[in-house]
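Listed below are the structures to be examined.
Shared between the two complexes below is chain A, which pairs with chain B and chain C, respectively.
== the complex of A and B ==
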């Protein structure tokens, strides 16, 4: 028995070591550092209590990042979820070339974010295809390009993000749709329920666990938006987000680890509360 | 068995003694195929002249080199010698990561740029080569706008007029290349105008921040007018692309543009001139590349020897020729025929004498981000220039 335990421990050791070194230690370390004035190049640092947290709450850059992140989360999640569901319903139907559409919608989500961001940077620029399209539709595109204008930059990135993410969530919805027993639809049909009624009375309630999963995963991902901001605008034109702010404070300029760690814990708290509320909201409706 | 072990140990010891070379590590940023072989050649030559020293070369990139250096120094794994931008020296010096460099009178006389490496009266790095920005113009567009072949704008008024005239040539032609906000770059475009309007960042005694003075506001209004009325807005690379494409009349740029024109074999009718100013010429931005020794290095003597070798006038000329750099730090090197024979390089040499550098302050990177935000707000976010500068001044004052 002892031998078996040792073997099990040895087998689990690589994972345990990885967890301790690269997960647990940084989590505890950054939590502690958040209460200090630690700067990377400085050889000394002091305990400052909640000073970093207090300073953050009156830091204009942090508040802007918080505002932008909120816009990003609240703007992308509903649209992504609804579009993904609609696409899933569409490609769940039998038609010629269905596989091609499924693959086509899914393709962006397996493409590197950096590559997509670079392509879209070109598309969004002055005289780019999106500007031409806007002109064709009768809109006046921003003078210097969509990403060089504070009123359009963040929304342009959000649009790209939605385009990129819907395929992935479509696939999850599709898996959810496949798990709904066909007998339910047959029974509903016999009782005279139309397609709309079937959708609201069968499909949607049974998809709620999947929707909750998508909402939580997508929220966490959206709160952590970074790569697209880094590649496309470097936080300029009112596009700085929470993670970009953390990167800027902790890994560039002053390398202020203490300040950045405090900001990271505020983000953690927001994500935790947001996820908890999502769970409670859908659980209370008796779906999970 | 013992004999075998003993023999083996002796062989090992002998090979160790034979290869007892001092190895120094050098982190540098020059990876371009036109310059890297020259760097390697210099290292080889140094090793030939100093058979007891080996140099280990590591390349950095401008995209994340600064971060790599910071992390290496913070973890105690910094190189013996590191190339630093002039803005970074104080940041490393204040935390005791750099070794002080003793500068004798001869070196003081021979090299430009010591003031950028001097923090709290101590010198922490040796100037390698310097850099400044000048005005480049498209001579063909200027001719089309009715200017004579010899025209160069001297005053700020003349410059603005020329920008407008070029801009009015066609809807597809812009008068001025205006930078989109870019970290570590945007402020270098605004400050020359600010200095040329006699504005200062700090007072002479360094006690007051003067960023929102009337002069500075006037300068930002001027810059904003060029941007709003005639600006081709893009990042630095985009502006230069458009300029070389014949779409932009004037750009503020560095000597790398000369290298690009030469490398790409462009047939371009280029005009270069000093920054215009009301008391001609205006003041430009000055920066540079410096070589510093890690305070934790155990090979300081060898490191200093290597730095002296690399920054020698002959090697600076070699480097500048390969990189088309216009401003070696060595005064002897500046006298070389290579620089004298090229009018555009001469513009840079003249401009460097009328250029300011940002204050040597460990917090400069923070202050520059505030200035960049002010310029961004004024140019792109509809904030009135005076308000934007005042906000930046308050932030700087709070951070000091």
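== the complex of A and C ==
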């Protein structure tokens, strides 16, 4: 018995080491360092209590990052979820070429974010393809291109993110649709329920767990938007986000570890509260 | 009536398909254009097709090195995950100790922690260990991951333990049972895991970016992102580099579509 216990522990050793060294230690470390004024070059540091947190809340660039992240999350998530659901419904039925369309819609989400961001930097530029398209539709594109204009840059990046993510969530919705028992629809048909009625009283309620899953993972991901900002605008033109702020204050010029770590924990708190609220909201509605 | 409906349906499907794949086609098209010209829409059809940009990249830039780094790091991390996620998942699924319950809780908790929390400490840790800017910094933290453990654990729990018990009665050692009997049974889920890990690693930017600074260890996505910042953007070569990063993913996707899809949906259904 003792022998088996040792084996069990031995097998889990790689995970235990990874957990302690690369997860728990950093998580605790950044919490602690958030209460200090530690920087890269200063050999000494001291406790500053909540000073970092207080300073952050009146730091213009932090508040801008917070605002932009909120716009990003609240703007992309509903659109992504709804479009993904519509796509899933569109390719759920049996028809010729279904696999091809599914694969095509999904393709953007397996492409590297760096590559996607580079392609769209080109498409969004002055005189680029999207500007051309906008002109054809009667809009006047921004003079210097979509990404070099504060009124369009963030929204352009959001549009790109939606384009990239819908295929992935479409697949998850498809799995959810597949798990709905076919008999329910047959019973509804016998009782004379039309397609619209079936959708609202069978499909939608039964997709709730899947929708919740999508909302939670999508918001955790969206709160951390960074790569596309780094590649496309370097945080300029009103596009700086929370993680971009953490990167900029912690790992460039000033290497202000304490300050950046405090910012990371504020973001962590926001994500936690947001996920919790989503759970509560959808759970409650589910029981009605 | 039915035909009209079908027509509407297919035109909608095709229109969306066009929107979804156009940017990638655009990338390939630009990568084959003659370098030096401006990348304007008019050139889409008039400009020539040539592989010169790809040849230039391999001849004059370090793209071969970046490609090698990406492949090496990706392969090592993938093999690590197959072995270590499997081992941990097996322990959690099959041994019934309190420690294992704790282990499982740790997996779930880490799954929910936003990764940005560890950016700064990870950087400091790598500097302290003296492995900043080395392959180790890119490999060591990611050799086993909570999503993978979760995925494999679910799979192992669905396998009846009778085979293992029979082998145990025959006097087979634990390691033999683990790697000769259970692991082969887990091939489907391990394939799913391998693809997911490799893709994530291949596309990953944030940590490779903050943990390296020299060309000798830099991975392809990081190199591409930084290529753009330097001078006036040479789109033809940049898109050729991007295509080089995308082509392996496309090939794997076409061959292993089924595994990729089931990996994604497994996450969705577990709720």
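One rule holds in what follows: the second predicted complex is superposed on the first by the 286 of 288 C-alpha atoms of A that agree within 3 Å, B and C clash if a C-alpha of one lies under 4 Å from a C-alpha of the other, contacts with A are read in each partner's own complex, and residues count from 1 in each chain.
Everything below uses one rule, namely that a residue touches a chain if its C-beta (ideal position, glycine included) is under 8 Å from a C-beta of that chain, and two chains touch if they have at least 3 such contacts.
A quick note: this is a predicted structure, and the numbers were derived from the prediction, not measured.
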Query: Is A:277 in contact with chain B, with chain C, with both, or with neither (first, second, both, neither)?
result: neither
Query: After superposition on the shared chain, which partner residues are touched by A:168: those of chain B (first), chain C (second), both, or neither?
result: second
Message: Is A:74 touching anything from chain B or chain C once the two structures are fitted on A? First, second, both or neither.
response: neither
- request: May I ask you to decide whether A:237 touches chain B, chain C, both, or neither, giving the answer as first, second, both or neither?
  value: first
- prompt: Just chain B (first), just chain C (second), both, or neither: which does A:54 touch?
  reply: neither
Query: After superposition on the shared chain, which partner residues are touched by A:251: those of chain B (first), chain C (second), both, or neither?
result: both
Task: Answer with first, second, both or neither: which of chain B and chain C does A:43 touch in the superposed model?
output: first
- line: Comparing chain B and chain C in the superposed model, the one touching more of chain A is C
Message: Between chain B and chain C, whom does A:63 touch in the aligned arrangement: first, second, both, or neither?
response: neither
Field: Intersection of chain A interface sets (partners chain B, chain C)
entry: 234, 251
Query: Which chain C residues qualify as touching chain A in the complex?
result: 9, 12-13, 16-17, 19-21, 23-24, 26-27, 30, 39-41, 80, 84, 87-88, 90-92, 95, 97, 99-100, 103, 106-107, 110, 112-125, 140-141, 143-144, 149, 174, 178, 199, 202-203, 205-206, 209-210, 221-222, 224-225, 228-229, 235, 238-239, 242, 245-246, 249, 253, 257, 260-261, 264-265, 267-269, 271
Field: chain B to chain A touching residues, read off their complex
entry: 66-67, 70-71, 73-74, 91-92, 95-97, 180-183, 233-234, 363, 365-366, 369, 376, 380-381
Statement: Note: in the complex, chain A contacts chain C through residues 4-5, 7-9, 11-12, 14-16, 18-19, 21-23, 25-27, 29-30, 33, 87, 90-91, 95, 97, 99, 101, 103-108, 110-123, 127-129, 132, 163, 167-168, 171-172, 174-176, 179, 209-210, 212-214, 217, 220, 223-224, 226-227, 230-231, 234, 242-243, 246-247, 250-251, 257, 260-261, 264-265, 267-268, 271, 275
Message: Going by the contact rule set out above, which residues of chain A touch chain B in the complex?
response: 40-43, 126, 143-145, 148-150, 234, 236-238, 251-255
